[in-house]
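Multiple structures follow.
Both of the next two complexes hold chain A, though its partner changes from chain B to chain C.
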Partner chain A sequence: MKHFFPLLRNELRLLVFSPSTYIAAVLFLGFMGFLYLFILQQFALEPRESLPSIDFMRVFWLPVLFMVPLLTMKSFAEEKRVGTLESLMTTPINALELTFAKFFASYVFYMVIWLSCFLLAVAAYITLPSNSVNAKLLDFASWIGGYSFVALSGLLYIAIGILTSSLSKSQLISGMLCFCLLFTLIIGERIIMEIPWGDGIITSTLEKLQAFDQLEDFCHGIVDSRPLVLYATSALFTLGITASIVDSRI
Partner chain B sequence: MNSVPAVKVDHLTKHYGAVAAIDGVSFTIQAGEVVGFLGPNGAGKSTTMRILAGIMPATSGRAFVCGTSVARSPDVTKRYIGYMPENNPLPDDMRICEYLHFRAKIKEVPSKYIKTKVQEVMELCDLHHRTQKRIIGTLSKGYRQRVGIADTLLNDPKVVIMDEPTIGLDPHQVIAIRRLINNLKGRTTIIFSSHILPEVEASCSQVIIINQGRIVAQGSPQVLQEKFLPFTRFRVVTHLQDMEKVKDLLSKNIPEIQLCLNPQGEAWGEVILETEDKQFPAERIFEVLRVDESIKVLEISKHIPTLENVFLSATKKSWKEKTDLFIRANTLNLQRNTKKST
Partner chain C sequence: MHTLDDFRYTRWIRNLNLCLQILLSFTLVIGLNYLGFKEYYRKDLTQTHNFSLNPETLAYLRQIQKPVHIIITLQKNANSDVAKKYYNDIGAILREYQYATHKNGENQFTIEYVNVFQQHNRAEELAKLYNVRGDTAILVICGEKYREILGVDLYDAKTSHFKGEQAFTSAILDVTANEKKKIYCIQGHGELNPDSSDPIQGFSAAMMILQHKNIAVEGLDLAKSVNVPDDANLLIVASPQVPFLKQEEEKLRRYLSERNGRLLVFLAVEKEHGLDDLFYDWAIRADNVTIFDDSSDYISSSGDFIIKRCEKHPITQSLIDLQIQLLMGFSRPVKVDRGAGFDEQRKVVPLLYTSESSWSQKMTKAKGNKEKIVRGGQSIAVCAERNAVSQLGIKIAGGRLIVFGNADFVTNSRLGVLGNSFLFQNAVNWCLDCDNLLNIPPRPTHNYQLSLTRKDFMWLSINILIVPCAVAMVGLLIMILRKSN
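The block that comes next holds the complex of A and B.
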């Protein structure tokens, strides 16, 4: 993996100069800003049991569906279209190093954009008058729990984005494919749960895979090792497939 | 002297489904040679180069770079090779020096030498001074090709492979690239494909002509000329009304030559003389034509065959062989089908 860091630096540089990164960031932050404002308004209107940060994190899936494709669709698809992937693969680097570099670059941006959402809470804390609700805005435990889940699930979501980018030369097709896969994974699971499967192994397995339930657990301080293993291994598996696709389809 | 050939290709075959892009290609290139790879579009030049560069596996056959198998140890052979793909894809949003620094890093140039090495290749390719800070997307085609060539030289490769390095360049840029290749002569083994035949003739010590996935000719330009155009040709330009007289005179007095009339417009035409005698003296033509004073000869010249003639002759021959085979196979099929139906 000795080529990993030069490749990672190059990928980060490419993301910094890519317009789709900024489109993703602006769309995400704009949307999350409005959402946070809406949540605060709801809190102002009536008393609620949960914290604003937990309510805010519960809609994680909505920005993920748009931000992940925008961040990752360019990674392999554009290099394939332009032909730079071919000249990159004539150097002593291997496909796994390249895949990991692209993955980590997108993951870093994904987390930076998510972490910047915390500024919304800080801004609200500073601007709103001090009272009992205001104190709950910066409830660090729930924020850390929520962000832990976002960081963990992001491993798989970004890996899926990188995989779909390696399947096509078109950024648009890669982006759409990524959106469909993420939608199936996050929302589809919930829809499948609506089917009466009985009390067997299927139901218990599907319950374990529910991203929404895992988020609730993390936000309430319950850190289970199963989602940790699930997301880490599935991300590694997805990246392994991506590397073999890149190797065989230059 | 190092006896290991720089490149050795042995019965290399690549199939795309049922189509054979290359079929049993074999050749050997010694260290320090400059080799031109010629062939019409779709002949299999790029496929062969891509297999050598280690980015595409062959269906069968073996390829060695500096004695190391490309299929078994691509990581090793990639360290020996500097490869410039066709159309030279480059990232448009990087500066030249940034790009070359990045490439030097991933090509494992030791950190302390990267700056010196990048400067060296930029100077060699005339990319230093103000050009080095320019963004690649704003460069002309010629400069982009130079960046591509500079990149191939970064790791001091033992073998440089360039796929159509002069494609789309204007004559000035072609000359600059040729000068660059000549600068590298002897320092490294160079394999490049080109459609510009004088270019290959000027730079290469060996030429490989590939057509329909097979090598149809291989050797130095001189050897190929002797093999594919084993005759001497003269051209006599005269007035149209004198052409028949010239032909009669020459065929009567020099019976060993073959003649062909080639009228050019309304006023004049040319008589082409062809002989297998390489030492045939042009004076004999003068002597024969001097006999009839009414004949006005405008020009007598010896036709020197170019690589273009060799290329046309070699590829035409292979086309003809393939077509003959195809016709023969079709006729046999037809006969077999007729027999079956009766």
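The block that comes next holds the complex of A and C.
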């Protein structure tokens, strides 16, 4: 993996100097800012049992469904379309290094813009008069828990984005495929759970995969090792498949 | 050319190799997750450990050796917010129980969510086995023992405190206990029949409640038995029509004083009970007079008395919280006997009062005259307890006695009316130590509301907008720097 860090540095440099990165970040933060403002307004209208940070994290799926495909669809699809992937693979770089470099570059960007959302809470905290209720805007347990979940689930979601990008030369197809897979994974599971499977292994397995249930625990400040194992191993597996696909299609 | 040198075969073998790699990796992922889900770790990051179980609960759970199964028919996607809140709060606390009880990768605590609208067979099975119906049931099961947890056990009246941990721990301890609690109903004095479904003379409905609580009920004739059985957790005397014999009274006295026994007495009006000496020992007085009332606020349309005044006590707490009234027929006053000798280990508390407009009078049957004796609110139920002192000098719960000056509120015709059933259950729980067995504080359920003026909201919008604008500025700066280079 000696080429991994130069590759990652290059991918990150591309991201930092790309105007589309900033456009995406501004749109994302604008959208999340609007959501946060809406949530705060709901808290002003009537008393609620959860914290604004928890309600904010509960809508994590909304930006994930759109941001992850947009962020990752370019990774391999663009290289394939312009033909740079073949030339890249003629160098001593192997497919695994390349896949991991692209994955971590997207993941770093994904986390940076998610972490920027905490600034929204800081802005609200500074703006609103200081009292015990407003102090809860920066409730660290819920923010740390929520971000832990975003970081863990992000591993798998970005890995899926990278995988779908390696499957097609078309960014559009890659993006759509990624959206569909993420939708199935996050929302579809919930719909599938509505089917009465009985008290068997299917139900218990599906229950364990429920992203929303895991999120509830994390948002309330309870960190659990099970999602860590689930998302880390699934992400590694997905990246392994991606590397094999990249390797086999050249 | 050799077959293996053929490109088609090479590609085929390569693809096969790839598929095998993927398959093996997949099994590795499954295996790791299987282990990861068996041996897991949870950490509550909140400062006050809002979601962690109380050390007392953890200590109890560590001792549990039998698997506990919980069945919940509450629906995740229920229409009402209250049902959703119940579901979420219960789900969150049960995950902590699961974590606390998993040993060597095995979960001793299993949870089954049953959708009674979709899983008809299972719903029928539950109805048959545990007599539960509807979409609000919570059952704690261990082997053949089970206990149902009611909504009232989970929250206080204003739903400002969640008492789930107390309710679940209590239920788990109950169903995992090796011995089944046993109640004896005293017979031989014309008492209410525990097996009869007669609306006036039977109290089978009350016994049904006890059986649902996993309590065994048997009859006991004190005149025939040498002593109160060793396995008696509680004795119930329900409306004796003839007085107890002195030797029977002595057996009860010894049971209460020497064996820290528990006795629940429902006295009938206008009947001699023969337990005066026993009651005197416990500073309770139950005169043979009847309470009358003429206030329309305290008389129901059927002529029954409405009891609204309760003293604060674990037995009456839920009635006070839920503002539930009681409906009773004629009662006799049951008071704290101020003339009884002082005993620092004895604590006597009146529980229920009639209205200020009530009065008690002795019924002189021979002449039919009514002699007024006391006016004003009368106590009609009293509970007494004694703290026993252990050899180490530590105070432990001793005997407990509750005397009600009314017996008809537990009969089949009246048990289901207003808060009568609550009162009966609370009295039994108190006698059996089910109320204060656990010193687990309820968890406050917080409500947050922001006070946002229009001006605050405007400034909030502007400040929140600063964040994406700042990122846009950084991007713009980098673009300018790049172009200038």
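What we mean here is this: the second predicted complex is superposed on the first by the 244 of 250 C-alpha atoms of A that agree within 3 Å, B and C clash if a C-alpha of one lies under 4 Å from a C-alpha of the other, contacts with A are read in each partner's own complex, and residues count from 1 in each chain.
As a convention for this text, contacts are C-beta pairs under 8 Å (C-beta built on N, C-alpha and C of every residue); 3 or more make two chains touch, one makes a residue touch a chain.
It should be emphasised that the depicted structure is a prediction, and the values quoted were computed from it without experimental measurement.
*Asks:* With both complexes superposed on chain A, which partner does A:Leu167 reach: first (chain B), second (chain C), both or neither?
*Replies:* In the superposition, A:Leu167 touches no partner, neither chain B nor chain C.
*Asks:* Tell me which partner A:Ser244 touches in the superposition: chain B (first), chain C (second), both or neither.
*Replies:* The answer is second: A:Ser244 touches chain C but not chain B.
*Asks:* When the two structures are overlaid on chain A, which partner does A:Pro47 contact: first (chain B), second (chain C), both, or neither?
*Replies:* A:Pro47: touches chain C, not chain B.
*Asks:* According to the stated criteria, A:Thr91 is in contact with first (chain B), second (chain C), both, or neither; which is it?
*Replies:* So A:Thr91 only meets chain B here.
*Asks:* Check whether chain B or chain C contacts more residues of chain A in the superposed model.
*Replies:* C
*Asks:* Looking at A:His3 after the superposition, I want to know if it touches chain B, chain C, both of them or none. Which is it: first, second, both, neither?
*Replies:* Once the two structures are laid over each other on A, A:His3 reaches chain B alone.
*Asks:* Could you look at A:Gly83 and tell me whether it touches chain B, chain C, both or neither (first, second, both, neither)?
*Replies:* first
*Asks:* Tell me the contact category for A:Phe17 with respect to chain B and chain C: first, second, both or neither.
*Replies:* Touch partners of A:Phe17: chain B and chain C.
*Asks:* Does any part of chain A touch chain B in one structure and chain C in the other, and if so which residues?
*Replies:* In the superposed arrangement, which is not itself an observed complex, chain A uses residues 17 for both chain B and chain C.
*Asks:* In the complex formed with chain A, which residues of chain B make contact?
*Replies:* The touching residues are 53-56, 75, 78-79, 81, 83-85, 87, 89-93, 102-103, 105-108, 151.
*Asks:* Over in the complex, which chain A residues touch chain C? Could you list them?
*Replies:* 16-17, 19, 21-23, 25-27, 29-30, 33, 36-37, 40-41, 43-44, 46-52, 116, 119-120, 123-124, 126-129, 133-134, 136, 140-141, 144-145, 194, 196, 198-199, 208, 213, 216-217, 220-226, 228-230, 233-234, 236-237, 240-241, 244, 248
*Asks:* Which residues, counting only chain C, touch chain A once they are in their complex?
*Replies:* 14-15, 18, 21-22, 25-26, 28-29, 32-33, 35-37, 40-47, 50-51, 77, 85, 88, 91-92, 95, 112, 115, 118-119, 122, 445-452, 456-457, 459-461, 463-469, 471-472, 474-476, 478-479, 482
*Asks:* Show which residues of chain A lie in contact with chain B when the two form their complex.
*Replies:* Touching chain B from chain A are residues 2-3, 6-7, 10, 14, 17, 82-84, 86-94, 250.
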